[in-house]
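You will see two complexes here that share subunit A, one where it goes with subunit B and one where it goes with subunit C.
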Partner chain A sequence: MIWCSAFWPTRYSTSSWRIDLESTLFGRGLKPLAVATTVLLATTLALVFFYAPNDADQGFIQKIFYIHVPLAIVALFGFVAAGVMGAMHLRTRDDSWDARSYVAIHMGVIFGVAVLATGAIWAKGSWGKWWVWDEPTLVSFLIVFLLYVTYYPLRYSIEDPQRRARYASVFAITAGAFVPINFIAVRLAENLVHPRVLNQTAGDMPGEMRLTFLVALAGIALLYVTLMKLELTSKNARRQLRRLRMLLEDERTGGAAPPPVATVPAKPV
Partner chain B sequence: MPALPLDEGGKYVAGAYGVFVTLLLVYVSIMGMKLQRIEREIQELIELAQRRLKEHG
Partner chain C sequence: MRAIAAIARKDLLVELRTKESVPAMALFAVTTFVIFHFGLDRDRLEGELAAGVLWVTLLFAAILGINRLFVAEREQGGFDGILMAPIERTSLLIAKAGALIVYLVALELIALPVFALFFIDQGFWDAVPRLAAVILLADLGLAVVGAMLASIAVHTRARDLLLPILLLPLTVPVVIAAAAATKPLLSVPLETSGVAKWVAVLALYDLVFGLLAYAVFDFLMED
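== the complex of A and B ==
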C-alpha cells in the first residue's frame, strides 16, 4: 500500500511520497509508545529516589534493585516470547514472525548486558565482589545470557534465508523452553542469597517499595516493547527500500514489470 | 554486611543507573545512525523517481 506511488509515479506527487515514507519510518503507534515509555520511566525514577524508602538492611544501594530486577525479568520474558514467536514462524512460515523472534532475542541480550552490569555494581557495593560463583541466580542468568549470545553466530552462519529462519526458530523455541526450566531449578536450589520478589506473598516489600517496583517493571517492559518496535520498523523500512530500489532500477533497465502492489508484503526482514 | 552510608552507596547507585542510561543512549544513537542511512536512501530514491517523472513527461 505504502509503495503504490512508486509504481504509478504520475498519480502521486513527491510530497505524498514523503508523507507515506515517514509513516513507514516511524511505525504506526511508535510515537505514543515512546512518549508513554518516557513518562513511565521518569515516574519510576521519581518514585525510586523520592518515594520509596531506603532499605533497612542495605540502605541507599538497594535502589539498584528497581532497575536490575525489572531488567532481568523483562529480558527473560523476552527470551520466552522469542520462543513463542519462533513457534509461530515454524507454524505459519511467515517471515515476519522470524523477524520478531530475532528482535526479541536481540533486545533480550541487550537488556541482559544491562542486568549483568548493574548486578555486578550492586554485588561490588553489597558483597565487596563484582561476581560470586556460588550464587545460583547469578550463574543461571549468566548461562542463559551466554546461551542466547550463541544465537548470533548460529543465525549468521547460515546463508539460505529460509533455512536460517527455520534454524533460528528452532533455537528460539529450545532456548525459550530452557529459560523457565532454569528459573524453576534455581528456585528449587538451596542456600539462596537473592531474596524472592515475586513469590506468592509478593515478598516482604512494604507498600511503597512494591508500588515503585511494579511501576519500574511496567516502565522497563514498555521500554522493551518500544525498542523492539523501533528495531522492527527500521528493519522493515530498510527491506522496503531495497525492494523499491530494485523495482525502480528494474523498470529503468527495461526488466520485468513490477509485481502488483498487493503482492509486496509490508513485512520486516 | 551492614548498610553502606549514603556517600558510599550513592556512587554505586549512580554507576548502575549510569550504565543503564549509557546503554540506552548507545542503542538510540545506533538506531539514529541507521535511520539517517535510511533517510539518505529515501532521498536517493526520490531523486531517481523525479528523474523518471521527467523522462515520462
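== the complex of A and C ==
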C-alpha cells in the first residue's frame, strides 16, 4: 500500500486545477479528441497528396516535409512542456504532474524516432545520403533525442517512488532547458550549406504549401495530445485497478486497518 | 560561504592524501593520446583534428573524476551529514563543482604539455593564454553539469553506467564550442578570428546551466 499512497499522496491542492487535472487523467473527452485527430490527419494527407504543389527543386520527395517537420516541432514542444510539468511537480509535489511529464517525454521520444526516420528518408531522397552532418536541425535533434533516451534508464534505476519522481522532474527541467541551448550551438557550428524548407515557413512559402503545413502541424499536435491522454488514462486505470486488488487482498486476509479509500476519485474511464 | 569552503577543503584534502582521482584522470588522458596516435596514425596534429583529440580526451578523462565525485558521500553517509547540518544544501553543489574545477585544472596542467609534446610542432605556447580562457570556461560548464549529474547518478542503481550516458549528450554544446574555439588557436599559423563567438557560447552555457543547477539542486538533496 505504501507504493500507492506514495504515488498519489495528496488530493489536488487548489480547486481551480482540479477539473483540468482530472480530465487529463481520465478518459472523458478521449473519443471526440480521437475523432478530431483522425479527421484532421486524413485532411492533412488529402491536402498533401492532392492540394499542395510539388516542390520546384526537390519534387515529390519534398512532401515528406509535411509529416517530418510537424513531428519534430511537436516532439520538441513536448520535451519543453515536459520540463514545465516537471517544474510543476517540484512545486506542487503532485505526482500526477510527474506522470504527465513522463508521458510527455515518452511520446516525444516515440515521435523522435519517427522524426529521425523520416529525416533520413528525406535526406536520402533529396541529397542521396541517409544521414548528413551539415544539416544542423537534424544533428541537433539527434543530440536531443540521445539525451531524452537516457530518461528511461534514469527513471527505472531509482526505486523509491518519490525520489524517482523528483529526479525525473529535475531531468525533465534540465533537458528542457538544454533543447534551445543545443540548437543554438549546433546551428552556429554548421555552415548552412543546404537551403532549408523550414526557413521558408516565415517567408516565401507559397500559400497552398503553408496551409497544408499548418493543417499538418495541427493534426500532428492533436495526435500527440490524444496519445498522451490515452496513455495517462490507461496508466491511471491500471494504477487504480492495482490499488483495488490490493484492497481486496487486504480484506480477504483481514489485514491491518484499511488505507484511505479512493486517493483518486474513482470515475468511469 | 564557510560551509562551501569547508566541504571543498575536505574534498581537496582527501584527494591530496588518497590521490584517487587526478592521477587516474591524467594517466587516462596520456594513454588516450597514445591511443589516438595509433588510431589516427598521425604523428602531428593541427587545427580541427588537434582540437578534437584534445577535447574528446579531456571530456572522457573528466568523466572518471565526475564518477568518483560523490562516492565518499554515498559510502560514508556524507549526504546525511549535509542534510542534518544547518547549511544550505546548494553549498554542497558549489563545493563539489569547485573541487571538480580544481581536479580538471590539475588534469589539464599535466595533459596539455603532454599533448603539445606529442602532437604539436610549433606555436603552441603562443596559443596558451587564449586556450587557457577557453579551457577554464569549458571546465566551469563541465564542473557544474558534472556535479549536478553525479549527485543524480549516485542515487540510482545504475550509478557509474548512468553518468556517462547522461553527461555526454548534455555536454555536446561544450565540446562543439570548445573544439571550435580551439581549432583556430591550434592552426598553423595561429588564428584568433572566430574565437570570441565560441567563448560567448561557452559563457552562455555556463550561465544557463549554472543557474539551473542552482535552482534544482535542493530537490536532489531531500530525504
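As a convention for this text, the second predicted complex is superposed on the first by the 213 of 269 C-alpha atoms of A that agree within 3 Å, B and C clash if a C-alpha of one lies under 4 Å from a C-alpha of the other, contacts with A are read in each partner's own complex, and residues count from 1 in each chain.
We take it that a residue touches a chain if its C-beta (ideal position, glycine included) is under 8 Å from a C-beta of that chain, and two chains touch if they have at least 3 such contacts.
Model, not experiment: these values are computed from the prediction.
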First, second, both or neither for A:Val215, with subunit B first and subunit C second: neither
Touched partner set for A:Ala75, first subunit B, second subunit C, both or neither: neither
Dominant contact partner of subunit A by residue count, subunit C or subunit B: B
Touched partner set for A:Leu241, first subunit B, second subunit C, both or neither: first
Contacts of A:Asp57 with subunit B and subunit C, given as first, second, both or neither: first
First (subunit B), second (subunit C), both or neither touched by A:Thr174: second
Of all residues in subunit B, those that touch subunit A in their complex: 1, 3-6, 8-10, 12-13, 15-17, 19-20, 23-24, 27, 31, 34-35, 38-39, 41-42, 44-46, 48-50, 52-53, 56
Subunit C - residues contacting subunit A, complex: 148, 152, 155-158, 161-162, 165-166, 168-170, 172-173, 176-177, 180, 197-198, 201, 204-205, 208-209, 212, 216, 219-220, 222-223
Subunit B-touching residues of subunit A, taken from the complex the two chains share: 6, 9-10, 14, 17-18, 21, 25, 54-61, 63-64, 67-68, 71, 110, 113-114, 117-118, 121-122, 124-128, 223, 227, 230-231, 234, 237-238, 241, 244-245, 248, 251-252
Subunit C contact footprint on subunit A (complex, rising order): 90, 143-144, 146-147, 150, 153-154, 157-160, 162-163, 166-167, 169-171, 173-175, 177-178, 181-182, 184-186, 188-189
